[in-house]
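Take a look at the structures listed below.
Next, two complexes with chain A in common: one pairs it with chain B, the other with chain C.
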Partner chain A sequence: MSATENAKAVLRRLTAASATERILISFAALVLAVLVGAVIILVSGRITTCQTAATTLFGTGFCYDPVEVYLVLFNGALGEPFLLNDPALFNPGWNPLNFGLALTLKETTLLIFTGLSVAVSFRAGLFNIGTQGQLVLGGLATALFSFFVAPALPSGLVGGLVLIPLAVIVGALVGGLYGAIPGALKAYADANEVITTIMLNFIAAQIAFVLVSEFFSNPDSQVVETTPLPGWATLLPVAFPQGGDFSILALAFGLALVVGVWFLLEQTSFGYDLRTSGEQPEAAEYGGVDAKRTTVTSMFLSGALGGMGGAIWVLMVMGKWQAGVPALGFDGITVSILAGNNPFGVVPAALLFGTLKSGSLAVQFGTGVPKQLVGVLRGLIILFVAMPEFFRMLGSAIDLEPDRETVATDGGALGGDDE
Partner chain B sequence: MSTTTIDRLRDTELSYRATLAGGALSVFLLIALLGLAFPSSIWGNLLAILTSRSTLSSALRLSVPITFAALGGIFSEKAGVVNIGLEGLLIISAFTAVITTAVVGPEMTVVGLPAIWIGFFAGVLSSVLFSALFAVVCIRFKADQIIAGLAVWLIALGLAPFAATVYYGGVNTDNLGTTLGTWTVPVLSDIPFFGALFDADPAVYMMLVAVPASWYVLNRTAFGRHVRASGENPKALDTVGVDVSRVRYAGVLLSGFLAGIGGSALSLGLGQFVGNNQTMVNGKGFIAIVAFLFGNYNPVGAFGASFLFAGLEAAQIRLQQVPGYGVPDSLIQTIPYVTVLVVLALVGRTRIPAASGEHYDTGDDNR
Partner chain C sequence: MSTAVHLDEITKRFPGVVANDDVDLTVERGTVHALLGENGAGKTTLMNILYGLYEPTEGTVHVDGRARDFDSPADAIDAGIGMIHQHFMLVDPMTVAENIVLGNEPRKWFGTTVDRERARQEVIDLSNRYGFDVDPDDAIEDVSVGVQQRVEILKALYRGADILILDEPTAVLTPQEVEELFRVFEELTAQGKTIIFISHKLGEAMHAADDITVLRNGKNVGTVKADETSNEELAELMVGREVLLEPKAEPQEPGDEVLAVRNLSAEDNRGIPAVSDVSFDIREGEVFGVAGVDGNGQSQLVEAITGLRTPTEGSISYKGRDVTDASRRSRIDDGMAYIPEDRHERGLVMDFDLVQNGILGSQHSPTFAADGRIHWSDARDHAERIIDEYDVRPPHADADAESFSGGNQQKFIVGREFEREPDLVVATHPTRGVDIGAMEFIHERLLDLRAEGKAVLLVSSKLDEVQGLSDRLGVMHDGELMDIVDPRNTTEEEIGLLMAGERPDADATDAEPPVGDAK
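And then the complex of A and B:
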């Protein structure tokens, strides 16, 4: 049995665990990550220097107060509905359509795409770590396509209605083809997709950099970026303030995709093939599934979703492609793992992670704790979700649910209570 | 699987590797031939780069982190734990080594030990501790090894720039103003070309010792036998009364120790930790995985592959300095990654240890 098949066996066990158990594990992992994060905040508060201690515990002063950090984080992500350190508590000037919330929803929208991308591949038993690269190239394709086609179209609403969907499709195609490369390498050369996708991330970043800096750079800019697109060719903010770079249309599209991916995975024969080759590869082969083709198609689909994420990043956030693409693809891994690789689970997981990312800016501004904290939490969440056994042992150690013994031994695979 | 099938598999593997090694050699010979025939062309430049002493010395230096991580990966995976978090171990040790040296004070000496060596050992220790966490998560808590390995990588990728920002206010550390330096062997270092072997970073000597030592431990000692059995047939090992979990812990900790040396040497060789994007480690941990797959879990083979990748990197850096070809640097920088991809596609069918990645339950150690 190869390592990949073992990994598949674990994925199988993860998906076979009941939905309630999965939600409990994700929740427990989150709480634990937040707690460990608090310890890290405290420790780093001892490393840095400050005038007055933010909090004092056990007679020792700390520069950062973890409780305050998390409060500022959530408050900032919602656009400060609460007045911290004020008896009035509620901020009378709070408007739901604010900048902070726009930032949160912007991140959420992007993470829905990358989270779905990772979820599709993980469900097929393939560890696509390459969503980042697929997003980088998909986004670039969208930016270049829009830039060259825009002059041929009437500007304004009509042009936008024609151009934007086409640009998203182009991004999806390029991302999908780039995702199909590791799929084909896996299917026909048995090359481990974890390594190939990571290598392809590096290659994508360099190729995109060369293409833009050598051929398509913006002549008016020192930064490596493409020429900005006209406003009508991008997804402009609706209802939310201008600077938040959030378009409710993109979120609606993302949510529609969630339903679409769910339907594809759960209600179609292709989705059945995909899931069985992820969960029970031998059974899938025996049942006549063309494993090689399913691998390539799944990776194409996963890459296409990543590419769409890149397209939305270009059209909604930047209005151009710029070097130094944020690590949305890696965050997508966290989102998908937190969601138990379930399309519907991706939405709350993306919202949660979007909140963390947007709130981290308020944290850096308000408390001085670097925004890189989110990167640490991202890893911790993945680590804790990966060890359900820990929580089961914890559960049986404190004897909360003595009846769960059967689940603890076999992962509940025989329970038959999965969706 | 019958013996004949295994033999056939081994033969195909051998022919794959032989083809690749032969391919690399013929590419080199082709460049040499063209370079000698047209000394003023790009081939002449390439030949000059490939045969220059400074390329050899930088290839050796660049191969240090890859080789050590690859040796670590061999011990871990041979023992039955797939350690995809090598990249994270390199990052954490590279960062800890620099920050410890900075905190101690780069010019200080503590009990006769220069600060930079204290930093070096602190880096190794941090990697060992981090790998211990990974081992507990994988062995005791039966986490999925791939996902836990990814977590190790992503935690390190977040933690190092975070801590650097807390301490320095930016993701890069300040330059220490000092490095590990070079140890020069008199007389031998004067040999043309190969003299680079005797005028090198201390970590290069460590690597040249660690490679045969790893081979010896793995193939000629009782511990090595246990490690191999733990990955191939844990049940048999259990039957003869050896604690499989303990062997696996040892394998993973050893991988942390070795990767830690690689990470410390990487950052202290430069005197700084660079934390933007993928940090200064920049995929070396993943390249290491390909290196030991290419080397078929043999420490010497893994070193050969690491040296090949590092040599490409060294040649690529030198090639950037040759003016007038108009090939963008960023494109040349993809050469090592593309090579890794091609190698992996060609040797993808490596036979990994049979029980690698599987949890082993003795049936009596739970709860």
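And then the complex of A and C:
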């Protein structure tokens, strides 16, 4: 078996688990990651030096207190609803529509798009690692389209209502077409999509860089970026007065897409074709599924979702395209795996990673613990989610094994072949 | 003769199920004993108790006249019992000898190192003693399934087994390998070993066993001597009612041509010619059978007809239209039903439940999907109808296909394809792995379809099946259609010669006789 075949087998194993089992495993992974993360934070706190110990355990002082780190992380991600060192505990000045929460929801929104993108391809049995590239080009297309079309439209609400949806569609189309390339390469030239999508990420990043730096750069800026769009052409933070680059409209759109993708996968004939191809290509062929067309269409769809992620990044976060696009596409892979490639699972998974991301800033400012340590926590979660077998063993050791039906071979009477 | 195994009033209950109900079983030393029964009759459970995998709820196990209480297979192995499961437990990249000694390796240098040379020699001695034809140095992945099975038997013998239990040993073998296995049985019993084998095939039990015990619904319904019973008696014991063993098609005048295959050639996956210049046609209300030893191009022929393989030459016309290059989907939409050879790879999506599997192939048909949206409630009704009508057990539409036994998976596929309201049914091995009650039912339904004027292409390696059901019978050998004969006026021997590649006019003296499946 080749490495990719192995990877696919692991992926199938991961997603074969039942929904309940998945939730249990994800939760257990989270708990275990928190515990192991605590140990790592403690150890890092021994290695570094500080004036006063943050916590003392077994007569030894540690510079970082893991409990504090987690509290600050969580508190920061919600915009500090709690006063950690105050007996009153609840912060009377807390407003749910605050900057910290906006940051969390911003990340969550973006990860919903990329998580969905990855989930669609994984469900089709296609290992699309190229969401990042699709997002980069989709975002660029959105930025350029908006930049060139904006002058022709009336500025203000009306212009925004016309321009923003169009810009998102353009981003989706470009991302989709860029995703369809590895799809077509796989369908018609038998090129392994893992390799092609990884390589196309580099190509996308470089093409975008050259295009912007050579042809569409902002003359007033030293960085490689496009000219900022007028405010009315972007998604403004309606409900969050403190800013934070979050638009509730984008989140609503993302959640609508979650339902849309679920509907497509579970309720339509096309979704049936896609899932069958992903589960068992030979059976799909037997059932009259056109494997080549399904591959290309699935990759287009996946790319389009990635492209929309790029469009939202440009319209909601940046207001322009700028080189050095954050690795939202790669984070989408982890979100999708944590979600078991289930569209509804993508929402809590994205929320979790959004929380970790925005909370890590609070950790850095509030405790002096480097935010990279929070990154370690993210890595640990994925590590543990990727080993469901470990948790199954743990479950059966403490007799939590769900009543799994015995596979009835011939006389496996457990299968219920009784009269 | 002494008694090797005596199971005394064994009862085994699982939550909600009584798998074995007060079963007595006595097996004499040095005999072959067949444990016969339909799927789910409790045969494997009973043998798992003897092998120490399960503990009986009630009753005792006696081996060599002593009452035993096995906690695990290790205890059973110590008592001289070996079991060969349906799925072999061999390490593919390792050699035959390494697999046989695995876990009990002879050692040298104070037990620090495996003595490979001695292991090899011991394996050679062992296989010579029982006349086994295995090369100790072959890697398992390079040898046939039949040889792998012999390696499993040798492994049990190497561990000192006197009593061998084989679970459905013939399920994975070709007819030739089955003959070879039965020869091994004779050799083993001649040397005093005792063999218990599980089967649901009457012919096999009659052919290879000295005594036959029939289980039905977990109960022992009778032990008979193989040479004092008949197929009919065994079938009745197994099913609990009289069974029509020989399907009989009423003569009927066929209608218009449905399928015409002309000069068809096709290659297999490796690009080697597998079908060459095959021509035949099938008309309404006609069953066209294809007989032949497995692997003589039947699979590729069927795939070309059903749209899963592009022929290299020739044409296929279906209902008067040329469909040589038509897509699989268009053929399904045009009323072509297909029971595939490989139910795990093609016929079912193993991780889908039966509701989803019930619409495989119909996911775009207006019956279940309008405007691209699937009506899951209709799909559920459909699956439940199939489950009900084709007696799929357990009757759980929500259970994954994977959780059903092979026979029940097959019944579900047959049901799905027959209920498609097809014009042409392509059925490859439609009764493979199903018990005789279900076999009878599938045969009846096939003949009903014929009576309704449908065309049927029936491919089977069971000669009695194709011969009994077909109106005309094509015999394939090495990719060629040797001849098309009238199965009612042709003897089994004549068909056998064609299967072996001998044309009637050629010199037939040195032809190898064919080996039928259930003969």
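Just so we're on the same page, the second predicted complex is superposed on the first by the 378 of 419 C-alpha atoms of A that agree within 3 Å, B and C clash if a C-alpha of one lies under 4 Å from a C-alpha of the other, contacts with A are read in each partner's own complex, and residues count from 1 in each chain.
Assume contacts are C-beta pairs under 8 Å (C-beta built on N, C-alpha and C of every residue); 3 or more make two chains touch, one makes a residue touch a chain.
If you're wondering where the values come from, they're calculated on a predicted model, not measured in any experiment.
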First (chain B), second (chain C), both or neither touched by A:Gly288: second
Contacts of A:Val259 with chain B and chain C, given as first, second, both or neither: neither
Contacts of A:Val158 with chain B and chain C, given as first, second, both or neither: neither
First (chain B), second (chain C), both or neither touched by A:Phe202: first
First (chain B), second (chain C), both or neither touched by A:Val238: neither
Contacts of A:Leu97 with chain B and chain C, given as first, second, both or neither: neither
Which of chain B and chain C A:Val67 touches, first, second, both or neither: neither
Which partner reaches more residues of chain A (counting touched residues only), chain B or chain C: B
Contacts of A:Thr268 with chain B and chain C, given as first, second, both or neither: second
Partner chain in contact with A:Glu279 - chain B first, chain C second, else both or neither: second
Doubly contacted chain A residues - partners chain C and chain B: none
Parts of chain C lying in touch with chain A, wherever the complex brings them together: 12, 14, 16-20, 37, 39-47, 86, 167-168, 198, 200, 217-218, 308, 327-329, 331-333, 338, 340, 342, 345-352, 356, 359-361, 363-364, 369, 372-374, 376, 393-394, 399, 402-406, 408
Residues on chain A engaged by chain C in the complex (per definition of touch): 16, 267-270, 272-273, 276, 279-280, 282-290, 405, 407-419
Residues of chain A touching chain B in the complex: 1-3, 6-7, 10-11, 14, 40, 44, 47-48, 127, 129, 185, 189-192, 194-196, 198-200, 202-203, 206-207, 209-210, 213-214, 324, 330, 333-334, 337, 369-370, 372-380, 382-383, 385-387, 389-390, 393, 396
Parts of chain B lying in touch with chain A, wherever the complex brings them together: 82, 84, 137, 141-148, 150-159, 161-163, 165-167, 171, 277-278, 282-283, 286, 289-290, 293, 328, 330-331, 333-334, 337-338, 340-341, 344-346, 348-349, 352, 354-358, 367
